[in-house]
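This is the structure, below, for whatever I ask next.
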């Protein structure tokens, strides 16, 4: 495996940090300038990420060591296929989300927009940083960056319930990461003497099984962002955030960072061999299955649209964990694909939810009856994304679920297939009714509202609408041309399984 | 033993005796005003006696002069302190003990 | 003897003489006195740095006061450890003296400003003297100089409770100092010497003597009292709470550090590791106490409504960290402990300076008074945020570095539960600091003054987005920001302090 | 004048105390005597003129032997009273005026009374009014007889 | 025998001082305690310490405590529970008070623990007066044998105090200076109540005290200076002399009143200057030594004739510095504490 | 055992004194009483030091013509001189504090003061607001 | 001889201590304390002679000169309630 020393990863991360400063400087005085910085940064970042793809596809790895704080504590970037999968998805969606945010925020005339965009850029820097991190310390650093940068986004409205939700958010994320993840990192360093990721894992043979198990459990518990049960409660609580933030949180930056961390830990800290030897992979897989089912069931009972989506996210995230935990090549491929697939589908759904709120100020599923007639584009996108979530071809979600299913067969864990199937059915049973209601039900009005409002088109502004259309179409495109992500996944699998 | 030594010892003995008597007086007498008599007089003289004894023992030297200075200052300060004491007691309205009062 | 050779004494004499001269010079012009304080502090800071530099190059410096060879005379010793602590203390003293002007003008009555500065310099002198001396009795003298100066500085706090705080500190401090004195006496009795290096040579053959054990016990207890280690911490919250802001900042940032330094000196430099580990179970006791201190300090901090008090309790916890590292006493944990001397000085310095600025601007010390300050005093609050994040132990801040070393040290010593304690305490720190940060940025400003000038406020309230920015004066802001900046700089470039600390640890542990 | 006189007294005192005739010490003796005289010359001698002061000193010296004799008597008396099992005391408070007006005179009388047989000065004020506590009847009577007052008056001049 | 009696005396005094309710009586007993302590010091041959104890105990501590009493309260409050009744009849105690038996037992426990540790430490000590104890052979031997040769000071204590450990003494002077400045910082106010009726009464009644004080003060002052100057030869030195000098002024103030004292003797401003001057002389001599090419406080290097002469003069100089500081600070402290203000 | 007791009687006395002083310091409610305890406490330590210095048959450590007599150890004397000075200074500062406390609280009993500061939590806050108004004045002056 | 005298004086001082502690009035205490003071002066001088070192006299002289201050201070406070 060829290693290229290049500062490109650093620049990629730094772009958004620079953007923070520029946004801050432009401030409230010139909103257009401010937002153009955001867009510019997002686009540059995306292209920087994309520009690295050829090299990675060439089975090369880009590394860059920024600074060594202390022996063992190094800020170091490494771009490999796994990183790039996530980075590409995230940076692409940031562009989309930026446009959507601008439309959303301006329409609602929100306050403190400068802070909003600054934190947004910070969160993205964190997400890309996590993706590109070459060791646990760098990962932890950017992981916390995201936590702190997204807190103001969740608390954006500064209303008591927002503050309360944000507090829950920070308690879960900061709490788990400080208490468990950091502990695990300490232990890892103590045992392995390094924090550097490696395809073979760094812990093999370094400590007793019991200690390794403890470390593993600490890691899994420490990644609160992955929203595995029972550490999922922050996610529904964070629904108080503005629409684009929810989209970012639940589709890209935060939760994906969480599962990405889990994947990293499984693949690059422990290594497949070690985990299968310890039998922890299977345990985790069943644990994830449990989350998948339970979260779906809870989602079924939600009336608040965003909450429903949140529980759906919890469940979907566990798919990714599940796939990796199976420790089988196809499972890993499925997981990696699912990162992207779910991102596109879920961001669409949240965009949709945001748009609905933007236009009608409705948040409840029960109020959505007939809304498809008012907002056909939006709701079509919703429908497409839902189908992707359920895993209906020809949409992205199908691909990843397919690979996951194959993976579970490879791992000889037949019950997992049942779980996947059950979950799909559950998905269907909470998404399809919404779609059905939106398009085929009459809205029920309050009795006293005698003159029926006209069924006008109430679509959102183009700046909001176009992004969500793009992501909806994205799910389709990803099904049709998944080769990039498949290639990347293959490289990852080749790396971690040692087969070339 | 030289004569001076014997004389000095004599003085020491007398001084010693006076001081003990003064102490007894301080304990025995019934009130401040009467206690002040042994404290103000016997003590001072006893002290002086001892110092004179020491002076005789030492012979003529700067040490004796210092002893003399001490004696002089004691004779200046001690009665003053005594006077200040009764004066204050008087100013505070303390009544002197008279014959026939119960001992306290 | 050249000037360079005299540096070890100049570092003490300059603040001392300035303390003496201030009452004289202030008669002419008060502002000169202030300039004098700053320049004296600056000079001693520069000298400290050059001393540390010299030590790095040539090794231990020994200065014979009065030209008498130790152990006959008093010896000044600058080695890695004392050089390091010297730089910390002189730096903090310098920064805070720059900061002091406005804050002192507001919190101290006009006619008392001169004596205030004089005593401030005496306090600094006391600290520096404690650090640099190589004579155990001289140490006691300087402990008392700093203690007396401290009592007076605390007592001039605005509220009357400051007096009680100071008095209690005085009583406990005197008990502590007298215990130290007694311990010194026992050591002297057993060995016949007062020089630390000489003691170190003579003590090992006396390790089973009960006299030496008692000496050690009394010195340790005395220092713990001064250090406010857990069961002896009762005086500290009141002191930090009621003292004038500048004093709180100086005391919080340096006092405990210096005493901790002395503890390290006694434990590892006068006595040896062997004694600490094998003869007396002192490390175990300290371990136990520090763990309680860490947890109790953090828990009590959560319960506070006054911000200075909160920081004071947090200090108790942080002192626990320092002692914890000493108690584990392996290479990593000692590094953590010593680095925490610097780090905590920076963090607590920042936080207290911010509080001082807030008090200067609003006159309030409640946590609620910080609400909505993010818009009013953005830079100051940014410094607070950095300090708070550092206290929580977020990576890239100094707090993380200390925790890293302490935790690794604990793991190396096989004490898992300590890592757990450290992390739990981080969490608790997060709880009480996050509460404040949340208030700063996400709560509306309490309407306190609106009753006074309604018309003006109503005009302002029309434009809530642009609240008028009213940050602390530059003289206060810059020192605060420098300290906050250093929290980050040394969090990133942690190898710099570590490279200074590593030889110290090697020296102490005789590796 | 007062100043010179005081410094001379001081220097004599210095020599008596010191007993060392080392150059440095003699020099500092002179300096210090002058210094003390400078800050306290109005204390020792006060507002009196020098001649009066010195004559009084001389007369006082003549008074001392008598006083010492009286003190010895006083003590014998007191020893008797203290050690006698019945403790024959009968305290009295007496009051009288004297013709003394100068501070020094009143002081000498007051202290003499205090030192001598069975009497202690309680009050001695500027008008020459004395209140005296006597341990028994006899000393009181002796005091009122006025021998001591006369002698002190002679000292005062 | 005599030592044992004296020590017993001390213990009795200590117990009495602690257990009495009237603070003035306590102060008196503390004074007696200090007297006996002085005797004990002299019995133990610690002349310089005895000297210090004498001057401090008679001149300063008692007066300061009384000054503090005069501005606070004389009686100690609180219920009259003796030590034993607390132990034997705990039910008598009011539990609402802070002085609950538990607290009391806790403090007793702490004290006993301390005592136990001390006793434990004493077991291994060399016997009292053992000439071969380590303390008496290592440093001490050398000082006794060579200090006179090296410094020319016959009083070993002064030699060590001013020369070998001269820096400690600078520290000590700084402590005093700190105390002085602290009191200025803590207590000084401009307002002052002068009660004229008291003054008149004093003028009339206290004639004896005043006259004696007047006569005594110059002698006390000269004696103080004598003590400072003879620090090298005999017990005493800058500190003791300074305290005695200070007490002469205190005596003046007590006898004549503060206004008088301030008007005639020491101006407040001047007092402040002197506070600093003394320490400055001390520290300055050290700096001069530096400039002369020696170590700090290395008097030998001063360009004043022979090395011995320089050393002797240097020590003399710092004694004077200490004396000035101590006297000035003691006066300042007394003025500040005793002064009643609005 | 008897040797132990008799050979070190000075030390036993110092321990006793120290305990008495220490007890007064931590147990007495009266602030001045505490200071008196502190004095006893400290002199006890001084006694200990001076006891170290004593040599059997020794004489005061001032040069003496008479040969052959051991001198007492001068070092502890020196140390204690310093310590006494420190003790006096501490006492002075403590008394100043007590005077101030009495002025502010009207009592020098610790328990009463504690009660007062608990009760006067409100009062302190009013002080605080006074303080606040003064600062706002100050700012207007700027 | 000196030893004996010193012992007797200490004994006398202990007798007087009774009065210091017992009182009953403050004046009794001051009086007794003053008496102990004079005994101390003697004791110190005697100890000097026991040890054959006359240096001790300086200490005795201190007491002779200034022991009086404390007494005056106590009395003035007792009478006036203040020292200034």
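Letters are used for the chains, namely A, B, C, D, E, F and G, taken in the order the chains are written, and counting of residues starts over at 1 for each.
The definition used in the following text is that a residue touches a chain if its C-beta (ideal position, glycine included) is under 8 Å from a C-beta of that chain, and two chains touch if they have at least 3 such contacts.
All of these numbers come straight from a predicted model, not from anything done at the bench.
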Partner chains that chain C and chain D have in common: E
Chain-contact steps, minimal, separating chain G from chain D: 2
Busiest interface, counted in C-beta pairs: E-F
Where chain C and chain F are represented by their mean Cα positions, the distance between them in whole Å: 25
Separation of chain A from chain G, taking each centre as the mean of its C-alpha atoms, in whole Å: 89
Length of the line joining the C-alpha centres of chain A and chain C, rounded to whole Å: 44
Sequence positions of chain D contacting 2 or more other chains: 13, 17, 110-111, 121, 123-124
Chain B, residues touching no fewer than two other chains: 22, 24, 36, 44, 66, 69, 73, 76-77, 80, 82-84, 86-87, 91
Contacts with two or more other chains, residues of chain F listed in rising order: 22, 26, 52, 59-60, 62, 75-76, 79, 82, 86, 89-90, 93, 97-98, 100
Pairwise chain contacts under the document criterion: A-C, B-D, B-E, B-G, C-E, C-F, D-E, E-F, E-G, F-G
Footprint of chain B on chain G - complex, ascending: 1-2, 5, 8-9, 11-13, 15-16, 18-19, 24-25, 27-28, 30-32, 34-35, 38-39, 41-42, 45-46, 49, 54, 57-58, 60-61, 64-65, 67-68, 71-72, 75-76, 78-79
Chain G to chain F touching residues, read off their complex: 51-53, 55-56
Chain C residues within the chain A interface of the complex: 389, 392-396, 401, 403-404, 407-408, 411-412, 419-420, 423-424, 426-427, 430, 434, 438, 441-444, 464-466, 491-495, 498
Of all residues in chain F, those that touch chain C in their complex: 22, 25-26, 31, 34, 38, 41-42, 45, 48-49, 52, 75-76, 79, 82-83, 86, 89-90, 93-94, 97-98, 100-101, 104-105, 113, 117, 124, 127-128, 131-132, 134-136, 138-139
Of chain F, residues touching chain E in the complex: 4, 7-13, 15-24, 26-30, 32-33, 35-37, 39-40, 43, 46-47, 50-56, 58-63, 70-82, 84-86, 88-93, 95-100, 102-103, 107-112, 114
